[in-house]
Structures are given as C-alpha cells and as structure tokens.
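These notes are about the structure you will find just below.
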Amino acid sequence: MRRVGVIGVGHGRFGLRDDASLQELAFEVYREAVADAAIDPQEIGATWIGSVPEYHKQRSVAGVIQEYLGLDPRPTWLTEAACASGSAALHTAWTAVASGMQDVVLVMGCQKMTELETAAILGLMGRVGDVQWESVFGSTFPGYYALFARQHMDRHGTTRDHLSAVAMKNHDYGALNPKAMFRKTIDRQKVENSKLVADPLRVFDCCANADGAACLILAAEGRAREISDRVVWLDGLGVATAPMSVLRREDLCTLPSAVEAARQAYAMAGIEPSQVRVADVHDCFTIAEILAVEDLGFCDRGQGGPFIAAGETRIGGRIAVNVDGGLKAKGHPIGATGVSMAVEIVRQLRGECEDRQVSGADVGLTHNVGGIGQYCFVNVFRRE
Amino acid sequence: MRRVGVIGVGHGRFGLRDDASLQELAFEVYREAVADAAIDPQEIGATWIGSVPEYHKQRSVAGVIQEYLGLDPRPTWLTEAACASGSAALHTAWTAVASGMQDVVLVMGCQKMTELETAAILGLMGRVGDVQWESVFGSTFPGYYALFARQHMDRHGTTRDHLSAVAMKNHDYGALNPKAMFRKTIDRQKVENSKLVADPLRVFDCCANADGAACLILAAEGRAREISDRVVWLDGLGVATAPMSVLRREDLCTLPSAVEAARQAYAMAGIEPSQVRVADVHDCFTIAEILAVEDLGFCDRGQGGPFIAAGETRIGGRIAVNVDGGLKAKGHPIGATGVSMAVEIVRQLRGECEDRQVSGADVGLTHNVGGIGQYCFVNVFRRE
Amino acid sequence: MFESFGLVSFTSHTKVGDVFVAGLVEGRLLASRCASCGEQSFPPRADCVVCRSGDLEWVEISGRGRVSSFTTIRAAPVGLEEWVPYSLVLVDLEEGGRALALAGAGLDVGELSLGTSVRLNPCRSEVNDELRVYYEVEADS
Amino acid sequence: MFESFGLVSFTSHTKVGDVFVAGLVEGRLLASRCASCGEQSFPPRADCVVCRSGDLEWVEISGRGRVSSFTTIRAAPVGLEEWVPYSLVLVDLEEGGRALALAGAGLDVGELSLGTSVRLNPCRSEVNDELRVYYEVEADS
C-alpha cells in the first residue's frame, strides 16, 4: 500500500448558514482547498462526500455537489456513519489512494442542519438509537449520553465540575477559532445554570447543531511530494463498531468501538498514545470528551474528569485536546465534523494555528464517533 | 493490487416484505451467503452496506444491521449513490480487499420501500433530480426518463413496440426467477393498455418499488482459492458521474456516466463488449434498458430498440440481458439492486441458474445506474 | 401488531412482533430462545446471533432486574412534546438481556440509584389517542 | 426569497436566490455571469465552474429557445396531487443554458415537437394558497 498525505485543506464558517445552499457551502471549502494545494482540479480523480442524508431535502447530495464543483464525470458517492460520516469518506478516499486506484482525491464533509426545527432534529437523532426497542420510549441523543454520564459518575466519581471543565475549555478555544460557531468564553455559572436537557446533562453540556463544510485533498506519496513541501501524512487508521443498541453494550463507561479503533490506529502508525501532541476528539457532549481521553489512553480509565479539570488537555498540558473549540464551541454539522477534525490537525501539524497553536506538534489524532459509539474512526497524522 | 473474487452470495425474495424488518431481511441473505461460502463468519473483516436512508425510519441502518448480524466490532458504514448504492458498497469493499486492508469482507444491499406510500416515494424520487431548479416544477423520476424516451424516439425512431419488447422480455424471465417480485409473463396488450405515468411511459414501462436484500462475500485471491473452487473474479470496475441536473446534460439519448464507466471496466478487465455473455443492466424504465445496451456497446448507437425487439438480448441471442427479470420484473429495492445484479451474474458464471441459465457464460457484466445517470457503476466478472 | 408497541412506533414489521406484543397484552414478558443452540435474547431476535438459526422459541421472563442507569428527558423528540419530563431507566435483567423502559408512576426516580432492584411491568395505555402496549419500570416489591 | 420559487420549494437558502426571484417578480429572467472570466450560466450559479471565482454579475436573458424534450406528468409527487396532469418542457435557451418549466396555458402540448421555438415567461400565481413565482413555456409568437 502506498503512503497517503494531505496536500490541501479547506474549512468554512460553522454555524447558522442561511446565506447558502449545501452545494454553495461545499464550493467555499473546495475553492480554499484547491488554492491551498495549488493544484489543477482536473487532477482530482474522485470525490467522497460525508454527509447524513435525512437533514437535506435534496436527495443524493453527492451528485449535486459533484456537479456544482464541476468535477463530473469523476466518481463520487456518499458515505454515512451518522456523526462519523466525514471520517468514513476520508477512510474510503485513503484506501482508494493507498491501493493505487487513485492518485489525487477530494474528501468533502458537509451538512445543513438548521433547516429543521430542534424537536425534529432530536427526533431524527434519537432514531440513531435502535428504533425497535429504544426510540419507542422517546430516547434522545442527549438521553443516551446521560445514561453514560450517570454510570461514569457512579462508578468513577466523575462530577458536575468535571463536565463543566470540558465545556469551559472548549469555549475558551472556540473563542480563538475564527471558523467556530460560538466565539465566547463561558464560566462555570453559565454551564451550571443552563437548562437540564436529560439529567444530568444541561444545555451547555451539549454541542450545537450547525451548518458547515470542510474538505481535504489527499495524494499518494510520490505525487504529494512533487506538489507540496508541507505534506501531512495519514499514517494510522482505525475503525470499529459497537452495538447500535445500548441494550447490547456490556459497559456504558467506555465506547468499545473507540478503544478498538484507537488500538488499530496506534498499531498502524507505530506509536503510543503518549506520543500524540494534539487531538480532536468527539465531544458531542461533555461526558463524551471524558470517555474519549480514557478510551484513547491519554489518561487512566475513570480519570478523564480530573485529567481534564486539571488542565492537562489544554495547550501546555499533557496533550492538547479540542483546541479548535471541539464540537461544543465550533459547532457540529454532523457530516462535516470528521473532515473538520482532520483539517484542524493538519493545520496544527503545519504550525498554522496562530494563537491556539500547539508548539512542537508533530503527531496528531482525530477521534470521530458516529451515533452513541456505533461507529468510531481514529486517525493518526504525522508531519516529517 | 490484489485480485478479488466472490466466494459467497445470498439473495432474498424481492417484493412486498411485510413479514420482516430491514435487519431481518439482511440476516436472511447473510445466512445464505455464509453457508454458500462455507466460511466461519469470524473471518469477515468488514461490512459495507448499500442502502438509501430516506426510506427507513431507522436512522444509520449500517450500525443496526452490523449488530443484528453479530459482526461488531468489525467496521461498517453505509454507501449511498441513489439506486446504485449497492454498487458503491461493492466498489468500496473491492478496494479494501485489493489494497490489502482487508482479506474477506461482506457487501450487503438492502432496502425496505413499501413502508411509504407511492406518492411519497414519487416525491422522494423526484428529489433525486436537482431540487433547486427542477423538482420545484413537480419533476418525477418517470418524468425524467420520459424526457429521455421522447428524445430517443425523435432522434432514433425508437417506438412504443421497442419499449414494450423490453417489458415483455423481462417479465418472461422474471417468471423463471423464484426470487422475483412478478412471476407472470405479460403481453403487448397489457403493456400498452396500462395507465400513462409520464408520457410516453406507462405503468408497465416502470419497475416496481420493492423490499429486498442481497449480499456478497469477497476475498483476496489467495484466500479465495483456499476457500472455494468456483470463485468468480471481479476483474473490471468502472464508475463515473454525470450532472445531477438534466439542465447540464448535453445529450439525453445516452447516460454519459455509463459510457465512461463501461470504458473503464472494459479496459481494466481487458475485454471488448462483444465478449460479454450475460449482463444485468439498470432497466428502471424500459427506455433505460435501451440506453444501456447502446451505452455498453452491445449494439450500435440508436439501435437499442430494434436490437432488443429482435430478441438479441434473450437467451440464445447475441447477449443475454436481464434474464433474472431485471428491475422490471424482479423488483427494485434500490439499495439492494446493485448487489442483486452481482449475485445474478456470479450465479450465471457458476452455471447455477437452471431454466434461465445462459450456456457457456464465462464473462458477465453489471450496469447499475444511480438516479437518472448521476452515477453509473459497471463491473465485469469472469470465471476461470 | 408491533405498531402498537411503545409510545410511538417506527417499526412497521418484524418477525418477532406478533408473539411479543400478544404476550405483553396478556401481561407476559417474552424473550426469544434459539431452538438450535438455546441462546436466549431480550429484546427478542428472530435469528440467532450465535448459530444463525432462524428457529426461535419463546420463553417467559420475570422482568426482575437492577437499574443500570437512568435519566429524565426534558427536551422531547417530535411527537412527545407533551409527554416531558419523562424518565427512562435502563434495566439489567436477572434472566439476561437488558431493557430501556419508562419509569412507572410507582418509581421515585429522585430516590433511584444504580443497582436498585426493579421490575419490568407489562402495561397498556392510551397515548396520543392510540392504545399502546409497552412496559414500565416499577420498584421490586 | 427563494422559497417562493416554483410550485413547491425544497431549497430554503441559496446565494443566487434573492436577485433571481426579484428579477422574476419584475418579469425579468436572469442568468449569472462570472465577473472574472465571463462564463454565463442558466440556471444561475454563485460560483464559477470554470475559474472558481465567487464574483458574479447578473444578465437578463430573453427566455427564447427550442424544445429539447417534454412530458406530461400523470402520477404526481406528494403535494401536487391536484395539479396533475401537468406538462413539463425542457428548453434549450438561445443565450445558453437550459430550463425545465411548466407548459403554459397557451402551449398546446399535443402539437409540440422537438425543436419548436418557445419562450420562457416569468409568471406569478397562487398555488396551494401561496404566492409563487416561476416561469412557464409559451409558444414563441
């Protein structure tokens, strides 16, 4: 298999984007990535699009986007793995290049979510759970993570303060990210006075629905080196699943898919968790970031809360986590998120992140969860 | 890249399946394919699922299916390319095996469509067209193919009789296929007296919405030969796109994506169209089969109608096309269709098709179209 | 029949629907058991995850179990807006398997902790003008 | 503003919506033109497919063209059940680009053939109790 590198990135403004259609959002980041890579787009051999179809009235958006980008007759299709759809597109693209089927490809993550009402979105998202035995009782997405949080608090002594620390950290960094949806810091009061959504989770424990797009251009090693002198290599890929149904999970204090995906990615890249300098992890809820740092081996099992509250995941701590604001402050356009994470890590490894740059970042990681852990993709990036 | 072969197939009954959930339909064909391949399912390294999400109330069906099959924590995600979603799953799976990332994988195509009303389906399907400039006028899926038919009749002299010949042939063979939705032959009267849907297309020019599932197990050459002595090789893959919007197509008498995908597949397999003995092509409408035999080079441009009406695509003719009944008589569970086509061709090349067996079939082809040609996948299969 | 299961329905057909719902209507909680290898499942499955057999038998279970986790939903999905707040309890069943279910009127969620003994009770009631069958979690008396 | 375009709307936002619909309201048919390279497009695009510039200008077009194909829809999608049968005409525009549009009252579809000269007419009317703006195909007089 050939080594695969990222040679161009594009990232749009996340948030309420009632100024543009989905394909127009996609074009913004495509334009940026083509300019960033400084290639002739005719060189792009295929496009994979991560997006979750149910939020769009346009069906089969991959075809519409490929047309709007002007990339017909090159192939495209859509990948869906709930909130990890963007990482599924990236994995597909990586495999096509590594195999030799393609030399240069585009990975597009995009989503418009704000056309639907919040209750409709809660309804749709709840149906990422098993509809036959769970959604029939009105389960919601925050409801599932509330079940996880309750067990984690009970077993490991995780506290309200630990959850709040995640939200505050991510808003602190979101304030520094020009593409983030929320660019304001928040204090403990703000989090703890926010309305309960699903006990013990409050509004400020939850990420926000957003519109947005992000994209990557990948190339095989030889071509990548000809095109660019700042290639970031995608050297470790992991992907795993866990039962869709919370009724079939042995333990709710971990996402087994994340543990397995991380194991694969570390092994493939030949690194230990301690070598990761900067990570974007899937903080759809505050408790999810606590699970993530444990599942990824950044701290001991059960110690995610104190680890984060002690500042170890801030810049200057043991490992910088979600210093782009995370899903919490950057916003979570579900199909775009996995690609957005990769864009952030590429920019960190290139040293382009200005006042939220992690100094000396040479190894970075993304951890993108679909649903409540049904899917997890972990990727390890490296600069030379 | 490694050679990739099909070592197991499963195909369920297509039609109204109000006896089973989507995951139960998937299990039926999984059970059959595992038995057919005679492998321990623990050997399956990943599952790709072709399905179109909007028809299901369950969101993110890949996760539910993977759980129901008992294949966690192995990876899965969904691929969507409208009616070619199943072929997108197959292409993804092929690439994973060819690249060396996987050795044995499962490809599942599945769809439940009959939970929605016909008008709702027409509404959804119309939105496979461009919603911004086309669907706003009430365009429908048959409406698009009607536009194609009108041009083809005008330019090439294609007639009502030619269209009817496609429907009659496919029903003749559907009657011989125990898995087909419609197992009755029809006469010219039946077609021509059926109600107009979108002039000039009538009810019997259109395939039927159906529920169904089909699956394939693929393996890398070395392992495939150890497991099976009747491997069918997937030696040529082609995939291309055309504008989503009929407003951006130069010519409506061809699907340019099909022409390009066929060119790629023939080149990769190193064959000429004349070497293909049996083909499953995407006859979502009768006119579509006429376009297909031309786009694939089975006959001259514009001659698809007379070619089919003369019996050249029946068993014993120049090339057997859709002798499983096609989408027309077999039914069209959209996510399953591409995989179903591959199952049929594998069985033809293995010589297992009984009274609809094409004798001496050694090279077979599938042609699976998404939408109105936004996507086309052409695959060439070969037995040794 | 399965359309009447739960507060709302998203599954129109399943091989395990009729028997399961008929059981609930009679006040019985049923698990599936594989006729080939004996693997038992709650919630029920039509196909055995162990041996892939499609022959299933039904066994009645007591519904007794322990609280695995719980939450109170305050932001409702479409269709259940008037139902909030409602509490969901995840129960590890004594006879294997797990259930997610509504907290019944007799269960004080404020007093609940993980590990508490509870019981799944089959019940029927009118929800949004439809007769629904489901189960609720009650204190195990 | 784009929500009022067509018989039904599925696109809530687009960069080209406001100007285009305002044009239609005034009876003008507008195409986009790239301010960088001059590439013209109908239907309009916010981003140039040739040079990728996002600077667009607007140009009025005549709407004259020739029939490329046509059909009469007799099985309607949801929401348009009472509207059938309606005819759709695909028009190759003289000034480039193409449009799919409803056949207007003045167009006898039974007499139509491919190549016939026609014209896109901006129009406004009440559809399902909403004021809609769109265009219809009329005979070119």
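We call the chains A, B, C and D, going by the order they appear; numbering starts again at 1 in every chain.
The rule is simple: contacts are C-beta pairs under 8 Å (C-beta built on N, C-alpha and C of every residue); 3 or more make two chains touch, one makes a residue touch a chain.
No experiment lies behind these values; they were computed from the predicted model shown.
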Third chains touching both subunit D and subunit B: A
Relative to subunit B, chain with the most remote C-alpha centre: C
Between the pairs A-C and B-C, the one where more C-beta pairs touch: A-C
Distance from subunit D to subunit C - Cα centre to Cα centre, in angstrom: 53
Separation of subunit A from subunit B, taking each centre as the mean of its C-alpha atoms, in whole Å: 33
Whole-Å gap separating subunit B and subunit C, where each centre is the average of the chain's CA atoms: 39
Of all residues in subunit C, the ones touching two or more other chains: 10-11, 14
Subunit B residues counted as touching two or more neighbouring chains: 21, 57-58, 125, 127, 131-132, 248
Residues of subunit A defined as touching subunit B within the complex: 1, 21, 52-54, 57-60, 62-64, 66-67, 71-82, 84-85, 88, 92, 95-96, 98-101, 124-125, 127-128, 130-132, 239-245, 248, 256-257, 260, 370-371, 374-375
List of subunit C residues in touch with subunit B within their complex: 10-15, 45-47, 49-50, 52, 54
Subunit C partner contacts - residues on subunit B that touch it in the complex: 17-21, 24, 27-28, 30-31, 34, 41, 57-58, 68-70, 115
Subunit B contact footprint on subunit D (complex, rising order): 5-11, 14, 43, 68-81, 83, 86, 88, 90, 97-102, 113-114, 134
Subunit C partner contacts - residues on subunit A that touch it in the complex: 118-120, 122-123, 125-127, 131-140, 142-143, 146-148, 150-151, 154, 195-201, 246-248, 252
